[in-house]
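First the structure, which I've put down as structure tokens, then a few questions once you've had a look.
As written, the chains take the letters A, B, C and D, and residue 1 is the first residue of each chain.
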Amino acid sequence: MQAILSVNELNDLADREFPQIRGRFFVTEVTDDGVVMRMPVAERDMRPGGTVSGPSMFALADCAFYMALLAMIGPRTLSVTTNCCIDFLRKPAPGDLVGTARILKLGKRLCVGDVLIHSDAHPEEGPVARASVTYAIAPEKVQAQP
Amino acid sequence: MQAILSVNELNDLADREFPQIRGRFFVTEVTDDGVVMRMPVAERDMRPGGTVSGPSMFALADCAFYMALLAMIGPRTLSVTTNCCIDFLRKPAPGDLVGTARILKLGKRLCVGDVLIHSDAHPEEGPVARASVTYAIAPEKVQAQP
Amino acid sequence: MQAILSVNELNDLADREFPQIRGRFFVTEVTDDGVVMRMPVAERDMRPGGTVSGPSMFALADCAFYMALLAMIGPRTLSVTTNCCIDFLRKPAPGDLVGTARILKLGKRLCVGDVLIHSDAHPEEGPVARASVTYAIAPEKVQAQP
Amino acid sequence: MQAILSVNELNDLADREFPQIRGRFFVTEVTDDGVVMRMPVAERDMRPGGTVSGPSMFALADCAFYMALLAMIGPRTLSVTTNCCIDFLRKPAPGDLVGTARILKLGKRLCVGDVLIHSDAHPEEGPVARASVTYAIAPEKVQAQP
């Protein structure tokens, strides 16, 4: 397993293909087995009490793992999540969240791994959420043409 | 287990406490063991290919189960999701989604159950997603005062 | 979706192919979307305090869903579990357990559904466990020959 | 978080309290955030094709996480699994399995973490399974007396 797309290529791809998430998530690093992604937390991500909503953390986990997959296999953007199991561990303080996605198995049809989410303000407090994720990999041939 | 809040009371409560989700989710029925919730799908919920995004379906599952819990125990709104495991089964067609939340165990501290999500346009095609959800129930005393 | 194997055919198949589980699990009913399976609880399934062990309940869930899949597609016995997520809800009393497996999606490659487990002694107390299960379906051609 | 029980103390505890698992699982290391546990694979753990059964891998994950919890909090043996989500990633070769349990959050009531399982024969092939686990921690007072 080795990345074939760079940080810039991944962010450009997301910008082009997923305008809905523009400005919400950024790949900051490509690692040996995945990526690191940052989510600047916005008003719409907040819940009463100043904490970040569960669906926003889910979106970060899902998007980070998607980018980890594309980093390894290239822009087969029609790949889709089949399963995600997320544990919410601590109430995150207001502030950016950072998701570290790691691929544990990259098969022909399925890609499985996990994502650890930390609060950028208080990384020493341990992860705020942990997700395991499975993606069904789009075959090369069905990929939409530009 | 018996509901102590009505459809109107639940929707009023959501409106008051969670302005961020106003207009996104509506309780349409309170059942013996949960609620039915409708999500009118908007532009921001869509993905390329005309399908509904995973995080939007997660938000529906999470919110429907939260309302099922509050229907049974009243407005202990500080209850929080501790775990959610979601399977994405079919690509939903564009159109409203309907989530049916059912409580399987209502304990003192934890509430566990599941949510089936159907496409309102094509309910006969079977569920588009299935989630199991666990909430940690807020103690009565820590509930925020109005 | 319609079953093509009967209760007897399923139990014979299990006996022949999985001698390790002989006497542990029995299909008692084939339903529209799955099967009902009984596990007579034995000494080795027990834990201190007279309750049934988690791994034994997992084995029941896994085996019941496997039989539900084979009931629908025939004896492609090389199909394997890819994911199982189980919630333990109540301590089961000593006595047989009954698992009801239901298929929510039967695709070409993946089969997804869930299993509810009740205590036969006290079905009115609600389920003792709930599992969601995904199987990777063995292609017809790779199936081992008798 | 710091372990208060040693490898020997944990194995003695398991031997005393859980005679059913005697000889099936051994703690081999106590780490900063959990334990490493070995499962010598026996005939009853095998499936047709020479692979290890899913329920046996589940039992390893569950037991390893239980020991990780007890290592940190002492012998509150009435703690119970509330949720376990396991992904089966590769068919393990015949031979011992090794589970590495790590605690991500040790709260007052719930302990959450994950377990990676490798084949001892082929650790370089990547994990054969990955589980996330939640335990409900037994209060000190309800612990059974010796």
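Everything below uses one rule, namely that a residue touches a chain if its C-beta (ideal position, glycine included) is under 8 Å from a C-beta of that chain, and two chains touch if they have at least 3 such contacts.
Bear in mind the structure is a predicted one, so any value in this text is a computation, not a measurement.
Once you count every C-beta pair in contact for both, which comes out on top, B-D or A-B?
Between B-D and A-B, the larger count of C-beta pairs in contact belongs to A-B.
Starting from the Cα centroid of chain B, hunt down the chain whose centroid lies farthest away.
Most remote chain from chain B, centroid-wise, comes out as D.
Based only on mean CA positions, could you tell me how far chain B sits from chain C in angstrom?
One centre to the other, that is 28 Å.
State, to the nearest whole Å, the distance from the C-alpha centre of chain B to the C-alpha centre of chain D.
Roughly 34 Å separates the two chain centres.
Measure off the straight-line distance from the CA centroid of chain A to the CA centroid of chain B, and report it in whole Å.
23
Using the touch rule from the top of the page, what residues of chain C touch 2 or more other chains?
82-83, 85, 87, 134
For a test of understanding, state which residues of chain A touch chain B in their complex under the given definition.
17-18, 20, 44, 46-49, 53-55, 58-59, 62, 77-78, 80-88, 91, 144
What residues of chain C sit close enough to touch chain A in their complex?
Touching chain A: residues 82-83, 85, 109-110, 134, 136 of chain C.
Under the definition above, what is the set of chain B residues touching chain C in their complex?
85, 87, 89-90, 104-105, 112, 114, 116, 126-127, 130, 132, 134
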